[in-house]
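Let me begin by presenting the structure, written as structure tokens, before commenting on it.
All chains are identified by letter, namely A, B, C and D, in their written order; residue positions are counted from 1 within each chain.
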Amino acid sequence: MRLNNYSKHYRYTGHFIMNLLNRYKEVREKSQKMVEPLVAEDFMLQPAFFASPPKWNLGHTSWFFEEMILKHFYKNYKVFHSLFGFIFNSYYNSFGDRVGRDQRGDLSRPTVEEVFQYRRYVDKHMIELLGSGNIDPDMKTILDIGINHEQQHQELFFTDLKYAFSLNPLEPAYGENAFCADAEDQAPAMIRMDEGIYGIGFEGEGFCYDNEMGRHKVFLHPYEISNKLVTNGEFIEFMNDGGYRKFEFWHDDALAWLTENKIDKPLYWRKTDDGWEQFTLAGWQAVKPADILTHITYYEAFAFAQWKGMRLPTEFEWEAAAGEFEWGRRWEWTESAYLPYPGYKKPEGAVGEYNGKFMVNQKVLRGASVVTSEGHSRKTYRNFFHPNLGWQFNGIRLAR
Amino acid sequence: MRLNNYSKHYRYTGHFIMNLLNRYKEVREKSQKMVEPLVAEDFMLQPAFFASPPKWNLGHTSWFFEEMILKHFYKNYKVFHSLFGFIFNSYYNSFGDRVGRDQRGDLSRPTVEEVFQYRRYVDKHMIELLGSGNIDPDMKTILDIGINHEQQHQELFFTDLKYAFSLNPLEPAYGENAFCADAEDQAPAMIRMDEGIYGIGFEGEGFCYDNEMGRHKVFLHPYEISNKLVTNGEFIEFMNDGGYRKFEFWHDDALAWLTENKIDKPLYWRKTDDGWEQFTLAGWQAVKPADILTHITYYEAFAFAQWKGMRLPTEFEWEAAAGEFEWGRRWEWTESAYLPYPGYKKPEGAVGEYNGKFMVNQKVLRGASVVTSEGHSRKTYRNFFHPNLGWQFNGIRLAR
Amino acid sequence: MRLNNYSKHYRYTGHFIMNLLNRYKEVREKSQKMVEPLVAEDFMLQPAFFASPPKWNLGHTSWFFEEMILKHFYKNYKVFHSLFGFIFNSYYNSFGDRVGRDQRGDLSRPTVEEVFQYRRYVDKHMIELLGSGNIDPDMKTILDIGINHEQQHQELFFTDLKYAFSLNPLEPAYGENAFCADAEDQAPAMIRMDEGIYGIGFEGEGFCYDNEMGRHKVFLHPYEISNKLVTNGEFIEFMNDGGYRKFEFWHDDALAWLTENKIDKPLYWRKTDDGWEQFTLAGWQAVKPADILTHITYYEAFAFAQWKGMRLPTEFEWEAAAGEFEWGRRWEWTESAYLPYPGYKKPEGAVGEYNGKFMVNQKVLRGASVVTSEGHSRKTYRNFFHPNLGWQFNGIRLAR
Amino acid sequence: MRLNNYSKHYRYTGHFIMNLLNRYKEVREKSQKMVEPLVAEDFMLQPAFFASPPKWNLGHTSWFFEEMILKHFYKNYKVFHSLFGFIFNSYYNSFGDRVGRDQRGDLSRPTVEEVFQYRRYVDKHMIELLGSGNIDPDMKTILDIGINHEQQHQELFFTDLKYAFSLNPLEPAYGENAFCADAEDQAPAMIRMDEGIYGIGFEGEGFCYDNEMGRHKVFLHPYEISNKLVTNGEFIEFMNDGGYRKFEFWHDDALAWLTENKIDKPLYWRKTDDGWEQFTLAGWQAVKPADILTHITYYEAFAFAQWKGMRLPTEFEWEAAAGEFEWGRRWEWTESAYLPYPGYKKPEGAVGEYNGKFMVNQKVLRGASVVTSEGHSRKTYRNFFHPNLGWQFNGIRLAR
């Protein structure tokens, strides 16, 4: 892995550097705190290939710091365990073979306690290194990535656990907080945006990912974008109108997905004699019509928009208008495919695998969700998923 | 099916109207002529779900005219056979149930001769209708679509037959013409394009599809695009350099595709003691290094571009520069996902299923190929396929 | 392939030898005659991996004689086409690679006419060889196998064609004969069989397969076996009683099969406003309650017997009692797994692949069916299929 | 569930009745003791659909006593948890819906500790009931089944855990005991058995399963059976001779299995520079040539026997000769399909699902293995598995 070019690709400033040690500690403690309500058995759960066991998430984020920083910048660093690289590598082909993504739940060892020991070992060395004052510029960049990376896995922790708990007939709850998003108060309105050339992509100081870089111009035709997200109640109307069965609102690939998986309602919803209920991190709860809809796939978001006679915004339209509406409680599907910005060049080495290799077959989401760490997202942040996945806290904002 | 809005969506002019009858006859005769070298057994071939038997293609294109024109505009029209709608409907959900796409090869009846009778019956009525002078404006639009539609199936006839013949150990040939594209003579050069706002999409007179409409502005940053297509020889270099095994050039989804299908060379290629050979419509032939490469998937095109340190053009870059280079022998992969243009609104009814419902998970190709009917394509024409398909005559043009 | 041991494994006598030439001609002509009602397109049909196109059946049976006899016993024989061995080998691993079983329908060439030429070429040489009087004992054995082999493929021709035609919305018919089996006239009765040692397996003169050889003793406890086969009407009662939904009558593997394939009625049956109909070689016809039930899988046969409070006979019980009832219109499922008889030793070489390698996971059927060639079967004949297949003319005889 | 007929189907005597309470306690304590070396995470492991998590095994065996005994014979019994029946039902259709077999590993709750509480609750009531002296004859029968049932799951605990640990790159060990079977000392010899009528099936006193009942006569022809099991060394010879690649030794279904799963060595074996190693419950160890071979599928056992010019014994041959050789360290594959004995009638109700519904597509194994509870097996005991499974301690005894 060549490291010397990172500083070109990831931007940071004095303000961030000074706080690195504190930010490191904070994010690491949060991961530890998040798993406190769990029992040892919960740490093993992997109910689908796209979800990871909590234990793996904890090990993987520590491995990232060990592999990317300690092995390079901590003199004579001795790895905690020679096989943890194999076990906790997620998808970095640069590091060779790894445990299959769908087999992470098959490993009972290392135990949770051993993973905690691993975390403490990595933290001890990281804090020592950061406290030494001898900080390489490249290392700072990677550290920033590592911190953001761990925040992403904190988000995944919540969404994966929710998915796993939803399948358990005992209906376990993570806690009191259902992580629902209450109704938005503002009166519904369409925000009008003028045609013109807009600047898109990250600029200024602070951290951003490589996929946001390459500030560039995009010409936008006049458009309108809603100041509110779609609510549960609006989606129930769509269902009551037979939306799931009207082929004309759906993509061809979506129809195949509907049929194969017998989809006729959102993930986590069930109909009872008392009406619609949804599974939450606080257990099953009634669906409140005024609350913001979530756990929607792109396929469903698109069909809903068609039914409304509207459409999803592009990621450029979203970014250009993001100052005009509130966002941050839902990842919002856009019509844009996840593609490189003009001039995008993926960094060399392992960090180059972070974003670039996913730039096909996926859709861009913008915003942030109720389980995103504070400060992790920004207007230019680009999230991405395959169009059939809805286990994230995804929502819909309409445009036309 | 409501027909009254078509004329808003599809554009045509007097010049085209006058020639409609001649163009109708011409395209219908060409379909008939194309299949002359076949034996009855060949008409049944469906070697993969994405390929259709020649017999089905012949029936389907006739059904299109019967269903879309004769049933609406020919007074008291009596359908040739009440079940042919079920058998020869391709994917139009508006018309209800249909034979599964992968079961078209399971039907020995109607026979080839009966399909020819069907064609003659449809032609007789169409010619009568067109000759009557009583031509509804909507009908003219649909007729234009029908003619273009049949041209598309003529192209598919060649690509599907090539695929089927390639699997036969007897190595049958369709004829003398290998439909290879000879070397391009011009000296290789990169065409420089300035930054600025470009107009994209169809304008002017003549036929175009709904997906080209909505002429709009796109801001392009400065870029360069090659005046030549990638050759067989260049791709052999990529292979010799281990290109298929170097993960860093490939998308994550592409790596899964490579592994699952054990791909390590282009479709139709095989290595013999005498070097690389490729299957053609004239049988197996030596691969000539200077000839233009073809039958490449998007995944391969992308990886090749990465290896070259370049990239594929976007469809907008391609269209803006299309006057500067020769095109027409290969469908050229672009980096663009197949998405609606700003303001795109799919036509109501069955014609609305032509393009809109495929606008997810596919990539745009521009140009035309050696088996495209003359005059069928144009600078603004948008073809599209899933990124793992290579049985069309696809090629690569690089940009940076 | 070593041939010299065949005569030990397959038995024949003077009576059969004398008639070999006539029998050869007769069976070959019958194959030719059977396909007369077909159009060229029908010869390509392969609607499921377990069915073969009529064209392939015709080629395969000729290849058997060419490969097993002409190449060994006809001096300086020149094969008709060097690739036909590859194309028309069914499953004989001894002869190396072959076209995949599910790809036989993907080959339009050789054409039907070329396959007829192949048949004539093989026949010419075979008749010459047989007429020469110079007949090797081993050759006679193989010839007998070849004749029986072709009779088996004649049976498959009917069952495979029926399966293919049943999927065609045009409901084609092979001819006037529905090949249904009319009601059996005799009064229903249970035939009582005493306990004791019975001789099982072929003895005496005439042809038999290797799997029938090894005449041996089996001790049978007292049992009763029905003198009649189960009728359509009886099976309708089973269905009306919810038989397909009562888990207690079904094997565990059968329940998985029912669920996965959504089975709730026999193959070829459909319910109309006028009651049950079944697809036949003469088209769709009303199900007559008194007629003999057919196209039943072992799973269904077993469940039906459970529901009746009875069971299927073992193949030994069937053989011991076969003189006491009429048989020959249905292949009858037995409870016996297809296993080697004591002392079974498969012949060396290709002929050894005929039976032995299928002796796992399959069930024995006894009898013969309405499409079996006259004289092909006998009391000791052992047919075998996987328990989930019902496209043969299978039926049920009960025991207790 | 009707219980009143059990005593007809399962046999027991005074000797067993007196000891029931002690035997109950003993088997329950053993289950508890067996899991002591595990950490909580290990209890979640389900690496394949056919393996169950240790936690599930513990819950399921308790549920059996609760469902089959306490709910019927303990007056006013209150179930521990209303959903545990749903969670811990294995495959008894009589009790309605249940957690899918492959989803047992997806449930982190109930926790291991809660399952232990469940066990203690069930034990408390069972001991009270058994101590009361008021013992219904039917209950005794079911209790005997329950005890044997728990012994079967103790065996599965070891085999499933071994399978799960074998996939972990950390190579965890359960303990010091590798559960290998040392070399057999006796000189190799073939035991000759005379032809004649043999009595097969259980007789006398003590417990047996329904599938062993129906003592009946079987005529056996003269045969020989080995006094020793096949060793690792003999199987290595088979491999060195290319046994896995010689089609003539394998069934047709076996060849498909070999190809699809790329099998070329026994489960748990790997080749290192130092020779063959196998995974054991004590970690990876060198394969000792003189030790008894194990973890062999039926497909492999059959191919090996073919290669040796011998065959596997039938289950009848095995039982008739079982007094003449030592057995008990390997489950031994037989050539017999798992079928009902003459006169077999499955018990009514849930107990009837224990054996009968598996009597298709499986092969009989005889004997016992190193992880079978002492006294659990007997000469007439019939174990059964699908022919492609080798995760039990299966071995090979040859016959001819």
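Throughout what follows, contacts are C-beta pairs under 8 Å (C-beta built on N, C-alpha and C of every residue); 3 or more make two chains touch, one makes a residue touch a chain.
Fair warning: this is a prediction, and the values are worked out from it, not measured in the lab.
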Enumerate, in label order, the chains that touch subunit A and subunit B alike.
none
Sort the other chains by how far their Cα centres are from that of subunit A and give me the top one.
C
Whole-Å gap separating subunit B and subunit D, where each centre is the average of the chain's CA atoms
58
For the pair subunit A and subunit D, the C-alpha centroid-to-centroid distance in angstrom is 46
Suppose each chain is reduced to the average of its Cα coordinates; what separation in Å results between subunit C and subunit D?
37
In subunit C, residues with contacts to at least two other chains:
none
So what shape is it, when you link every pair of chains that touch: line, ring, star, complete or other?
ring
Got a list of which chains touch which?
A-B, A-D, B-C, C-D
Residue set of subunit D touching subunit C in the complex reads 91, 93-94, 197, 216-219, 221, 223, 247-248, 250-255, 298-299, 302, 311, 335-337, 339-340, 342-343, 352-353, 357-361, 387
Residues on subunit B engaged by subunit C in the complex (per definition of touch):
39-47, 55, 83, 86-87, 99, 103, 105-112, 164, 167-170, 172
